[in-house]
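I'd like to ask you about the structure that follows.
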Amino acid sequence: MVSLDQLKEEVKKALSSGKVKYFIGYENIGSGWQVRPAFIRQPEDVDRLVWTPACFHNLVRFLHDEKRRRAREKNPDIRPVGLVVKGCDSRSINVLLQEKYIERNDVYIIGVSCELTGVINITKLNQHLNGLKPQKVLFGSKGTFKVIVDDREIEIEAPDILADRCLECPANFPVIADVILGEEIKRNPGNRYQSISAYEKMALDERWSFWQQQFSRCLRCYACRSVCPMCYCDECVADSIAYAVTAETTADEKAQKTRWVERNPELSENIFYHLVRAIHLAGRCVDCGECERVCPVEIPLRLLNKKMEKEAKELFGYEVGFDPAQPPLIACFRDNDPQDFIR
Amino acid sequence: MAAEFEPRIVAFLCKWCSSAGADLAGVSRMEYPPNVIPIQVMCSGSVSPLYVFSALSHGADGVLVSGCHPGDCHYIKGNYYARRRLALVKKLLEYIGLEPQRFQMSWVSATEGVKFSQLIYDLVKELKPLGPQTKFRRNY
Amino acid sequence: MMEKTILKSSFPQWIKSLQSFKVFIPKRENFGWELSSNNQILEIASDYTYPVVPPKKLIFPQEEIFFEFEQNPDNGIELKEVLPEESPQVIFGVRPCDGRAVEAMDLVFGGSFEDLYYWRRRRQTTLVGLACHQPPSENCFCLSVEGSPYSEDGLDILLTDLGDRYFVKALTEKGEKLLSEAPSLFKEITPKDREEKERVHLEAQGKIKRHLNGARELPEKIKAIFDSNFWDEESSNCLRCGICTYLCPTCHCFDINDETKSLAPLRGRRIRTWDTCQFPDFTMHSSGHNPRPDRASRLRQRLAHKFLYFILLYDRFQCVGCGRCISLCPVGIDIIEVLTRARNHGK
Amino acid sequence: MVNNVYLPRIGEIIEIKDEVKGARPIKTFRVRLTDGPIFSFRCGQCAMLSVFGKGESMISISSSPLVTDYLQFSILKMGRVTSALHEMEPGNLIGVRGPYGNGFPIESWKGKNLIFIGGGIGLAPIWSVLQTALLQKDDYGELMLIYGARTSQDLVFRSELQQLKNQIPVHLSIDVAEPGWSEFVGFVPQNVLDKKPSPQNAIAITCGPPIMIKFVIKALKDLGFEDDQIYTTVENKMKCGIGKCGRCNIGHHYVCKDGPVYSWAQLKELPQEF
């Protein structure tokens, strides 16, 4: 079991020794059981920290903000930022290292093992509780969750309410960390591509009608992009003006910027945005599932990323986020990459 | 009777091989259907997935990316990168529900005028029965 | 004003009688409730809460075409105004907060420059409210921002669920017209109906769990802490996505862009789309200078707009307490908590 | 019939003049409206100009309201729309809607001395007031212009400035010395301190880059100007021009509708988000 006391102790140590600039972990929202990212700046604030099955957020994403802040400030404090990471999150750190977006000493990593469980899916939890309101959601012993409802304790088998991505997770243990909490327990992830198999089997037009329905709902709030640990581009095809505009950017450069995607939320533009995002995440997405979780109209974005993950593995033997030294998927090739589709 | 549907194919052809192959087909007076809108690029490796999506969103009925045969790339490795990247694009497009015939890749060398003209014959033949590509096309 | 009752069993007939209207009724989707006009649904489900995307989208759609432009053969430019169709619509199941939100939006799109597109749709829209018998969300706080679960503001009709029937209060001419489409379905009210309605209203009020105390003190407070680092700390986990604003029933900010269909001859259109103060490029000058360059200033803008600027302009909050921004925020930014902390900041 | 505020009128560019060349070019455009006379407006008001297919840009009107044959705009090439405007030729058509904004309260300045202080393209909005005051010279007291730019080649309205020198005191400046330059060298605020305009019965109207405005105001305060004797214009990104799209606000003021003209007495009370 991951010990919360130990987590607090480690964070306190890191903060009081001045080793980290600040620490990002999780805290409860209000007096409820749900959690949100917490920025801990003082050692005495570590008591805000929690570690529960509702800690689904991938905190690696906040390293983008830190990087931008450093670029803005004249004399930035360049001490590492401390993060709590799960197995999946740790893989996204590896991708950022691999892409040289960050350096290893930009981040101080406290890894936590998901052991036999992972994080929950709130919809599944609510369905399971059938109208009852949870007061607390905790890790149980050996692959269960403990939910307190009406001051009563309910034990739920993990697979019943685990987030889909946890059911298909190949890394329930951090792959890169400075400190690791919890045990490394081997777990059979089962079919890693279970969620997409039904869609792969669909007839072409059936698939189209499914995706058409999904994409036509998109509001283009860009929450999927905003929450993504890999969406750090200074310039995105979806923006009207890129952040990359500076005082030195010439009028001609601005005028000639190609507008790939129009701002209207019609199907064609929504598809364009999501296709670009999917292809840009190929070989980079670690399936932390955040994009799908935050979507207010529940577009199943994991299904896109998972498909790319599967193709990268099957076509090119490529696994994302286990080795910070491996070259990015599309910045390398093998002589015998498949080419039976080429005429 | 309505005129037979003529698909429009946007073809991204690398300058060194495929574009030269298309030229050879032209100067050798080989006939091939006029359905192709050729766009010369420096290398198949420079074809961003954005180009492919953009062609489809602007109403292309088919998209072709053609480069040098493996080992022949003017820039040594460009076509290998293209092969990997566009394989993913192809898988993604089909997964969303686009007919596989609509996105194609080929290797055509500067001497393969015959291959190029035959390829275009074949693509047009395969695309005709599918009708216009409306899935990704802008309504406006 | 006209008060009637209608049996729930008669409700479908009423809907069917509205032949000349496009009728929107809440429909359950996998992501929540949506206002749908698919003509299949003839009643409001008993477990209906509120639509994820508020009714504003039917009056202020995410995409509005202003006009089309076309270069003519002698190089002139023709503009073709594209106005919303003349088609009356009825929206059922508008929660009182969302009705008040439409009223707030009326203020923005009215005034010295009347927005033709907005008013075309608005005038053709009849809002049939449904009083909440319990809060649609655990983050509802309408009472704190001068609303209530049975507020009539902005609505044409307010329905109150009395179990087997609805108490129907027509508030405007548009509302009365809707009743007159099927007059035989509506019954005169009895004192008991009225009593029951009052009871439902009062009970609903008691079920609201969340409160933002002293909201009227906020304008002064926000002004006082405008330049403090309070906003930095509060926005530290903001992702700068558009959820809180796109799904806010009162947020009205938009962008205008030209889209070209053909360059020669030039052909295209000018469209309006939703935009949000939470995107960095919203205020970025062409030079790259950005008056609201960070998440702190953008969070402050969102809250100050709702609890300071709108009050200065119209003497009312631009927040109706629906709680959507709280429930849907991916990182738990909670407008009630932030404003409560703002109120206590420096104390 | 309600007027559709978003539908522009069609304007024809009748004259284009190169003011400044180089990397930050400025051109002056004169525009007539094809469907009738130009709209009436106040000094300091703006118009939303469209290049169809590119979009719209809010530009201040630099001609005087007393000139009714055309509208004049001096435009720095900066982004998508202004670049497209710079590509245009006389005879080309653009969209024009407006006028927008509050304008300068010049009626209340009658009998007063007016000191115009501009930097770079910032001369454009105050040019309208200056021209009006010149045409109605009897209504106002002494006029004075203090104007500067990075280099002599960045000064706008160069030929007009030479003529203006025959009518009113004109104090030019450039940031760095150049061969042949006989006037002030230094920043505009320094020139203000050097020329010491008197606050007595005076109004100072300043426009230019934000940093210049900031220091000009400081200089004017040092010279004894009261907050309500200093007027400036603010600019922010705009889309609708009519106070609805929500992006140009500083506090509860929409710059497009309630601005762009503010006295320092008003502006200093607002959040400094511009």
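Every chain is named by a letter (A, B, C and D) in the order it is written, and numbering of its residues begins at 1.
The criterion applied here is as follows: contacts are C-beta pairs under 8 Å (C-beta built on N, C-alpha and C of every residue); 3 or more make two chains touch, one makes a residue touch a chain.
All values reported here derive from a predicted model rather than from experimental measurement.
For the interfaces A-D and B-C, the C-beta contact count is higher for A-D.
As a whole-number value, the distance joining the C-alpha centres of chain B and chain C reads 47 Å.
Chain D has its Cα centroid 53 Å from the Cα centroid of chain B. Computed from the mean C-alpha positions, the centre of chain C lies at a distance of 39 Å from the centre of chain D.
Counting partners per residue, chain B has 140 as the residues that reach two or more other chains.
Multi-chain contact residues of chain C (touching two or more other chains): 255, 257, 259, 284, 286-287, 289. Shown for chain D are the residues that touch two or more other chains, namely 78-80, 82. Taken as a graph of touching chains, this assembly has some other topology, since it is neither a line, a ring, a star nor fully connected. Across the assembly, chains come into contact as A-B, A-C, A-D, B-C, C-D. Against chain B, in their complex, chain A makes its touches with residues 199-200, 204-212, 237, 260, 262, 266-269, 271-272, 275-276, 278-279, 282, 304, 307-308, 311-312, 315-316, 329-333, 335, 337-339, 341-343. Looking at the complex, you find that chain D touches chain A at residues 23-24, 77-80, 82-84, 86. Against chain D, the residues of chain A that register as touching in their complex are 250-252, 254-255, 257. On the side of chain C, the complex with chain B involves touching residues 259, 261, 269. The touching residues of chain C, when paired with chain D in their complex, are 66-67, 69, 75-77, 79, 81, 83, 108-109, 111-117, 119, 226, 252-258, 260, 263, 266, 268, 270, 272, 275, 277, 282-287, 289, 291-292, 297, 301, 304-305, 308-310, 312-313.
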